[in-house]
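What follows is a set of structures to go through.
What follows is chain A paired twice: with chain B in the first complex and chain C in the second.
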Partner chain A sequence: MSKLHNKKGIVLGIASLCAALLAPMAIAQDDVFAEYRAMMGDENPAIFTIEEGQDLWETPMGPNNVSLEQCDLGLGPGVVDGALAQLPRYFEDAKAVQDVEARLIYCMETLQGRDAIDVLVKPYSQTGDQGTELEALVAFIADSSMDAVVDVPQGHPEEQKMYKKGEEIFYYRAGPHDFSCATCHSQTDKRIRLQALPNLTTNEGAGMAFTSWPAYRISEGLLRTMGWRMQSCGRQQRLPQFQSGSDAVIALQMFMGVNAKGAVMAAPGLKR
Partner chain B sequence: MKFLNKLLLPVLALGVIAGCETHESTTAEVKTTKDVLVSSMKPKNQATMDRLNQDDLQAACSNAANVAGDAATIEALRKEAEASVVYPADGNYLGDWKRGNEVAANGKGLQWNDNPSEPNGGNCYACHQLDPKEVAYGTLGPSLTNYGMRGQSEMMLKYTWAKIYNPHVYNVCSQMPRFGSQQILTEQQLKDIMALLLDPNSPVNQ
Partner chain C sequence: MAGRIRVRASLKGDMCEVKALMRHPMETGMRKDPQGNQIPAHFITEVVAKVGDRVVMQAHWGAAVSQNPFLGFEFSGAKAGDEVAISYVDNKGETGAGSAKIK
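Here is the complex of A and B:
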């Protein structure tokens, strides 16, 4: 049972979803999403993805025919509750700092005996798809971390190095437009068009961003992960494509997560 | 398990093509920032890996303070920026403000999901207010509404042209793209943007 489910104890009806989408047609685009959000309250279509993720987590798969239930997300094998609030982190078994996506892929390889390529060739949905395995698993883990306090560790030297690298990448200007992450995300109360931009160098801004991903994107009807969000940022920077679970993406999440210390997880969020 | 089958079929087919790609989880020991980016990204369509190479200006302005260095470094970069500006050969700075407004509203261009055969946009509204009737404007840059009240003197034309062509002439670590020097926009598009800013009939100046 997902935490989203538990809150109201009812499954969201398709009818109410449609009504919510169609009702506010006449008002400005941004308000449609605001109104949709207000009408949905705690109900978030991500519950379907969360349930799917839980199924995938518990279903034996791969050559070893085992589930992911013994995967160690940082708080011990099989502990899912609160795990996302403390990722990325250093894993002794992998000898690497990993985010939730890298860790899931590691567990698929080591526990289930699967080949990472099978997942990495298409980690994220394209618009119109119904969701990927990775997206569903991340949704389930996020939901199990709902209301947990962000505490991304900095105890291990590799974690500290990763933060430093994340900071450097954050300010790295490149591409035909000379953009860095900082171009959009180092000032407070700024926006692009009408889209508010979190200042990821502050506790408040980083907290807002870190705790709201993964998120259900109303405009796409899909659950999107933090890895996808960074890939999308990189695209707008006119850079090549960030790969899921790669060091740069982990480093940026480390930078954001440590800056977000003390914020309260609220993912999967609901976004335009 | 229907879901997984759906996922794995195309995935397996592509996996064969992807060949020896492996999931790397090595830590960033003595890797430079660029090394980490190179190992974390793949080229996609027009977004090739050489875009991760920094020129002197990009490297100098990649820091939290957004300061390029000492006074001599700043002046050298500023001079380099100045030298990159190509003014219109026909001496005519002002195109069509209507087309300029389209360029200003267009956010496409040079992303991996953009069609390279279509013209790039300037995406000015992403960061600037221009036509006051357009409410969806960003605030990273200053408002340019009523920009034309400054007039159309030779000095004003050249200043504005250079500011769009390569803003680092005036502010070495400017956050604004070098629309001319980096060939994001064509000379005609730059002229049209100029008209949007400076033509008294442009909605920017109404």
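Here is the complex of A and C:
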């Protein structure tokens, strides 16, 4: 025993040194952000975006000079509380399955009489921006849906179709890297660099992902929406750019949202 | 939409703990937008916290502070009900302010 120990002493020494260096690094990610969140307490810079979103929600705009307050997010006209936990869903008036971004744009067009292109030309903030109208509105709706239980409906055939489509896109390998969403998001306890990757095929993983967007990204100093997250994932896969409120993005959210059934909304949170 | 500061102040023993969250882009002047144009510098240069006329904290800031800065500090000699007022001035001369009663 002791001989073996002596022989391997140096090797073991190096190995344990490496382990000592690596172990805290692997844990550090969670600890640093837990520490960061603890330091921030209840404060989250998303609060500014939420307040701006509420102002935008209540301010009359567009040719019709009305606010979005009568916008039906699925729970009836003007009902914001808990709405995000039940989106995407099928809307009879639009004859389509819509997510929160698509629905907001629909309301801007139908209620306010605005041209959607004004919003769609830049739905998400770029470097140097302080947030877009769409981001602010989503932040406000998310904040009003805090603690609501995820229950994305599957009653309508169109909703079931959307789920199937989402599942298909999720597993569809494409692009120069032959990547699918599933490449990163269908195994448990995996990470990319130091970021934990949720397994979106499980209830727990999908729940974690679905309930945590929109979120304030510390690294960008901006609030980001689920639509942006999808677009960013698509970019990382080198796919053609996902558009805000497009069917592909809605389908993927439908797939994730239905898989996340029963999880509790916790957005907007703080993220890396 | 710069200009807002959210302030919370609470007594911890004989010290008052202040937490302030500011809405500010804090542009360094070194970044470029997606079109490649330089984004002009825009950052807070001075922060002052007062209770009444008494300055309890003063800080000189620069471009190294993050967007939407979060500031925490403690000071002594405060009592519950006092109002802590925090204000900033940035390099463009724009100001922001916010206040809270000490709990």
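In the analysis below, the second predicted complex is superposed on the first by the 238 of 272 C-alpha atoms of A that agree within 3 Å, B and C clash if a C-alpha of one lies under 4 Å from a C-alpha of the other, contacts with A are read in each partner's own complex, and residues count from 1 in each chain.
Note that a residue touches a chain if its C-beta (ideal position, glycine included) is under 8 Å from a C-beta of that chain, and two chains touch if they have at least 3 such contacts.
Every value quoted in this text rests on a predicted model; they were computed, and no experiment measured them.
Participant: Is A:Pro240 touching the first partner chain B, the second partner chain C, both, or neither of them?
Facilitator: Once the two structures are laid over each other on A, A:Pro240 reaches chain B alone.
Participant: Does the superposition put A:Tyr163 against chain B (first), chain C (second), both, or neither?
Facilitator: Neither: A:Tyr163 stays clear of chain B and chain C.
Participant: Could you look at A:Ala94 and tell me whether it touches chain B, chain C, both or neither (first, second, both, neither)?
Facilitator: In the superposed model, A:Ala94 contacts chain B only, not chain C.
Participant: Would you sort A:Gly221 into first (chain B), second (chain C), both or neither based on which partner it touches?
Facilitator: A:Gly221: touches chain C, not chain B.
Participant: Which partner does A:Gly128 contact after superposing on A: first (chain B), second (chain C), both, neither?
Facilitator: second
Participant: Per the contact definition in the header, classify A:Trp213: touching chain B only (first), chain C only (second), both, or neither.
Facilitator: neither
Participant: Tell me which partner A:Asp115 touches in the superposition: chain B (first), chain C (second), both or neither.
Facilitator: The answer is first: A:Asp115 touches chain B but not chain C.
Participant: Kindly classify A:Pro45 by the partners it touches after superposition: chain B alone (first), chain C alone (second), both, or neither?
Facilitator: So A:Pro45 only meets chain C here.
Participant: Between chain C and chain B, which one touches more residues of chain A when both complexes sit on the common chain A?
Facilitator: Partner with more touched residues of chain A: B.
Participant: Can you list the residues of chain A that touch chain B in one structure and chain C in the other?
Facilitator: On chain A, the overlap between the chain B and chain C contacts is residues 52, 130.
Participant: Give the list of chain A residues in touch with chain B in this complex.
Facilitator: Going by the criterion above, the answer is residues 52, 56, 59, 61, 94-98, 102, 105-106, 109, 115-122, 130-133, 136, 158, 161-162, 165, 167-169, 171-180, 182-184, 186-187, 189-195, 197, 201, 234-236, 238-243, 245-249, 251.
Participant: Would you pull the chain C residues touching chain A in the complex into a rising list?
Facilitator: 1, 4, 6, 8, 19, 21, 23, 25-27, 31-34, 39, 66-68, 70, 72
Participant: Which part of chain A faces chain C closely enough to touch in the complex?
Facilitator: Of all residues in chain A, those touching chain C are 39-41, 43, 45, 47-48, 52, 126-128, 130, 218, 221-222.
Participant: Spell out the part of chain B that touches chain A in their complex, as residue ranges.
Facilitator: The contact residues of chain B facing chain A are 1, 3-4, 6-8, 10-12, 14-15, 18, 21-28, 31, 33-34, 36-37, 39-44, 47-49, 51-54, 57-59, 61-64, 66, 110-113, 125-127, 135-140, 175, 177-178, 182-184.
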